[in-house]
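One chain, chain A, links the two complexes that follow: it is found with chain B in the first and with chain C in the second.
Showing the complex of A and B:
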């Protein structure tokens, strides 16, 4: 028996938990929470077994699928939709990350959601459905199946952001998130249609087969279009510019939801989709440039908005957008190198290192961002506010929380040996490598480096404002979170410390397993240096630049928010400076969305209304008017005079007789 | 023996006179009489073809036709009587209620 054959069970297990929680939730403690924890833990165990078996195997993708809908044969091509599973290194790694995080966060929910009362059952049911969506998306065997699970996640995101639906702000945020990500979903659907129409299949194992690549050259523009659409989908789901604005608002949901869905897993689905499509995307360097530019810009753009925000969760939300931008930056840079490398083995190795950097950062970020969010949750749980100005001096009361959050902050700032350091440096290194191919990428490197400084600054601003300084009013009543909350925090803190070291493992570590194929079908792993990475990192100048940036950022935050020798109010003129206001108002993006909605959508609605009223109704009315008018004329023929009718009959019969005589030869 | 054409021409003339009367006369009774003339034109045809083709069927049909014509006249006159009662007229151009 092999475990991989039972991969299909993984997304199915949380469904069982969902059904049990929905059916018996009322009668069991924690309103069904234990069912969900149990089923998710089982799914986690199953995922770990599958991943273990896969990583110890020979590495060829394992897949199986069944025909779901048969559309018949058109022009000799059989069109079928299938449903099944596809396991390769990317799937296996994602399974580990997602299932562990889901388990820990559901356990944490036990403490965090304890006081929610009746609504708990709904929470657990929705979170179980979400976990099904995420795990299903990861193991899906084709794009259509992935799309179904993708939509399931979108729905759960909407439901959970609006968990406290009686708060107008939460209801509004849920709507906004749903509508904004919907733009990406439509893009995904367009991409699927383009791909299916041009290449006749959506199955990963067929599309990723190097033998299949010949047809890409024939239909290059369709491929380019489909790949742009897929990236558009990722932009929506992963909150990249210009569809980023829903994520900060999504913080209206419970903190566990923010941690699980809007930091650790669902927003990574976009990155996963791009990484999954990489064997196709490396054929299109244009798309890679788009991905790198959007990613690099978003990283910087989102980080600036975190600088002066006072809501602890929103700072983390902006930082999530920014870090997702880093992942796309690495994917774009690595992919661009691969796309332009031809058969150059060294460049392929460098390119695949960039690809690996993105996945590596995805994994590290999932752990440390979940840690940061859950720590923030513990803080909010203790002080019942999200405003950092009302916190302060909490480190004495929340010893564990302040410590684990410090680890998370160090990890995201890129201080060795915490995980963020390794992956962030690899990302920046891949931009430098891409700059070797195309000098314009230097701009993205500079954006990334400045973002590293901004990240360190706002993270430590958050930490100092929350835990240090004078003890605030709220801090007097604060108390440490229950065990179900701090145990997951400690586990995550350990993970955030050590996951970076996967890079250094013997036999090549992550680069040896996470790589993609070039347009020529060559599959060359990234740089598998093992412990040699340490030497490579600390002999290269970019490492010291980004380290200096991080330390500088922490230093500024320390001076401004701990020592208070550096007055931020002085530089912002007490918050009156124009740029300060622009950042507070999120670069006017909410207004921009409203404007687009008002002018664009309402205008379109008015146009449709006009067509409906004037054109469609007009045609119907015109037909009716013609019928009424003509009947008014024709009814005059009915004179009511018997002799008129008789005359018509006689005349007609005479005419028929004459005609018969002339033409039909009747004598 | 008188040739067949003579009978047929007579029948045709009678039919034309009847049709002309039906279309042009104003008095409903005259119209009814014209209809009878047209029917008799048909009877002459029946008898003629019966005699010249050597069978009795046509003459039998003519008898039936005369009987039916009698019944039809009875019905027609009854209608005209009622018309006179209700409308005070049997002039056809005044009887145009069934129109637009």
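Showing the complex of A and C:
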């Protein structure tokens, strides 16, 4: 073990790029972009070396940390905060995915942001800070350290969504994203404090060690509360129902930001947090049910909103929310099985399949969604609009883009051999396994299968509307993107084709992740299966159900948006229009948020302010008026606020005194 | 020879304060006066630091046993002196066109002396004298701009409500005196109003007919000191006064004078009235939650940045007060940890809120308004000042790894620890919940300012804050970031101070 010992270097490397770009950005080409690319590429190389070393090792987690803050001993527990790194299967896999995607997207930015002028330096600095946050959160050795990097990402996300600050919609979207995800962040902090109160430590290597946690007599409800809080944090960051509405609006940022932060990396942080906390969460089946239900519902709910949206990036944003829902669904189902399995080794292995499915889907989704977003970016770059009705017939002009986007669409729809097929099937398989324990989970299976149909439909609707049909006016002037843009696209397309096949590698391959600290404790599902997975998949009926759903979805989209033999007008007129409108209006969630935010929050604030200043005044004045019995006195009192304040002080003393005598029980 | 360690810092500061007007007249220079005042703060600070850094810290009693310099009082003297230092540095340019600057600096030093007396007081009368010294000085400071209608009006309000509150507090003190002298057998020494004696007498009074009197006194003291802290429902003067006062003085009121009130409350309740704790702990908890919630909710609808920060100060006092019921639990380690959380939040709040007010002061000097809307596009007009404001506001909201995050963390985890002690403190869990939910609420209005500075489009011309004020802002900025990155020694100092405070 040599490289792993330098894991701490990975998040620090982009900082160097940040400093160089901030200091010398003005004087170098692309305003410092090359510094950031260089440092991120170095971090990527380092990540790959660490991951390679870990995967070829024996699978025991590697960690090291320094004491940062020592609060002394309280109740016999040494209260310490540490700073360090922790590498296990999950970390290693995430390092590969995140660092490769960051590198590719920063390279793509060279072409995409080329025309931005002076603002480029700000862009590169913020992107570098974001990458530090993401890599730092992945390698962190304890929850507190993870939280610090988590907040760093939130800040960068906020700044980058508002990058085009002169657009009012961008400013509004940035604020919405910040405030909505902050609800999750507060929940995270609450969870950290509750966990710290229970165990006196936040270090992963202690918390995930059953011998350590079992030595504590922990209040079950406290643990449940902490775990729910962690999931609440994930709901905010990963845009799950009911905190999902910021993500479509976040598309106001540059497309590279959407691809990197709002599809491939930051929104995965919530999934990562739940997966990271799995060793603790499996003790609380209630939390697992909540995760599965929220995940399954969000998958379906978000997919419906993608059906009739005309903005190419927003369709992809809803699709991201929906796919993140799939990941939570798998985590919840797998965790539920493990939580109820007891010592049954077979069930434990089945449960771990759910965990593996979620992480596998996370990896595949990161690649194909980045591909879809960057392809959409290439289209927007060519036609300067995000409205799909103004596109059409672009496949002749944008040959590479249309081809790679087709690969992305096939991958997300779940057509073999592209990556989405393998992981989505594993996710649905885990819901069936959970239904074996508790029949209610069949509902989630059905929701997932219907979502598979919806996904195939809206993705091919997008593809046909953009690339096929009548050549639109915008298409006349369109031209293929520069090499710095299409080369990353091709690499991502290759990744979207092959990452699913990693499952078939003889030793279980990259997706074979387990959540416990001891590799002996739990069998890796299908570790010895190798190519046997193919047989396992194609001899099971659910595979054919979801394949049929995908093909059916593509077929409907083909007939409706390519052949135009199937008219969608039925849904846009008469009584049926109501459903269409509800979807277009995003189930009225923006209005709901505005109502809560503007009316509710500001209204409450004004009301309390009013009571504080006017009503209390009025009451005091009224009492004065009644007491003195003269309206002249009343008017006079109203001009002097000071008397009122004094009266309030005296009144408050009396009220407190009376209340205390009543409640505190003075004899 | 008598030991002057305990009173030397007070004497030095008072002497420099009294001589400041003379320096102004003889030196004929505002700058010289400010430097004189700063020198007084530094020399006084040197004596305190000399004591503070000699480990293990002992204790020194002065003035016939009415003030004590120990680890706790030294820590807070240093805090008050730091506040005075940055206020004086900022004032160097903020009041340079005014008359009577000699008196201005003299009053700042005397107000600080009063705060230091409160930190070191051993009996209730000394404590009261310290509070009055600070109050009278600050009434005059709020009214410093005699031609400003807003300022004069604010000072009048402040004075009248302040006098009323002092009378109420004094009434409480006299009631306590009446109780203590009834139990001469438990008193030590000739002074019946030392906190030790009050504590002994109050526990002797439990169950006797004197108990309701103690009770009445406790409510009077909450009301009297609650005024200084701007505790809801004794808070109504605060926004008007914070808005009307010269902004440097607002910084001092929020960072110094408010902390003094909290210390007074801690001393009286944790040492004097601890025997009565089952009666007051829930009341204080309710007032704390009420204070933070009302402060945060009203802050949301404010358009004036100064008023918004004033309401935010009210809310922050609510967070700090959480420490009072926690520190009353029976387990000494948990009590000290909880109290340390309160101390630590007082320290971090002094820098982040003081810094925020100084930024408002500095920008108003270069014709940027005091409304939230005036900060549009500030990130391009004054990038460093905008960044400093961002750091202060995020620290106030408790975003890691800034100073405010750590102090809230220690405070709220102290509540969780106290909750876990036994089932008696079930409600302490809700203190942490209320604190965290309020932090979420507060972000709502902080984010509005950040959005105005960074995302909205505003005027294009650059603005430059005067150097002296930028230095003062820089001190707060470095403190907030420095405590954030390396909080260990500060937390440790607060825990040690809590041990000294509780005498364990």
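Rule of thumb we're sticking to: the second predicted complex is superposed on the first by the 571 of 667 C-alpha atoms of A that agree within 3 Å, B and C clash if a C-alpha of one lies under 4 Å from a C-alpha of the other, contacts with A are read in each partner's own complex, and residues count from 1 in each chain.
Following the convention adopted for this analysis, a residue touches a chain if its C-beta (ideal position, glycine included) is under 8 Å from a C-beta of that chain, and two chains touch if they have at least 3 such contacts.
Bear in mind that the values here come from a model prediction, so they are computed numbers and not experimental data.
Asker: Is A:162 in contact with chain B, with chain C, with both, or with neither (first, second, both, neither)?
Answerer: second
Asker: Would you check which partner chain A:662 touches, where first means chain B only, second means chain C only, and both and neither mean what they say?
Answerer: After superposing on A, A:662 lies clear of both chain B and chain C.
Asker: Tell me the contact category for A:646 with respect to chain B and chain C: first, second, both or neither.
Answerer: The answer is both, since A:646 touches chain B and chain C.
Asker: So which one touches more of the residues on chain A, chain B or chain C?
Answerer: Chain A has more residues touched by C than by the other partner.
Asker: Looking at A:211, would you say it contacts chain B, chain C, both, or neither? Reply first, second, both or neither.
Answerer: A:211 contacts neither chain B nor chain C.
Asker: Show which residues of chain A both chain B and chain C reach, each in its own complex.
Answerer: Looking at chain A, the two contact sets intersect at 641-642, 646, 650.
Asker: Inside the complex, what are the residues of chain C that reach chain A?
Answerer: Result: residues 156-157, 160-161, 164-165, 168, 211-212, 215-216, 219-220, 222-223, 227, 233-234, 236-237, 240, 278-280, 282-283, 294, 297-301, 331, 333-334, 337, 398-401, 406, 409-410, 412-413, 416-417, 419-420, 432-433, 436-437, 439-440, 443-444, 447-448, 451, 454-457, 487-488, 491-492, 495 of chain C touch chain A.
Asker: Which residues, counting only chain A, touch chain B once they are in their complex?
Answerer: Touch list, chain A to chain B: 635-636, 638-643, 646-647, 650.
Asker: Per the contact definition, I'd like the list of chain B residues that touch chain A in the complex.
Answerer: Listed in rising order, the residues are 19, 22-24, 31, 92-93, 95-100.
Asker: Could you pull out which chain A residues touch chain C in their complex?
Answerer: 68-75, 144, 147-148, 151, 155, 159, 162, 165-166, 170-171, 174-175, 178-179, 182-183, 186, 189-190, 193-194, 196-197, 219, 601-602, 604-606, 608-609, 612-613, 616, 641-642, 644-646, 648-650, 652-653, 656-657, 660-661, 663-664, 666-667
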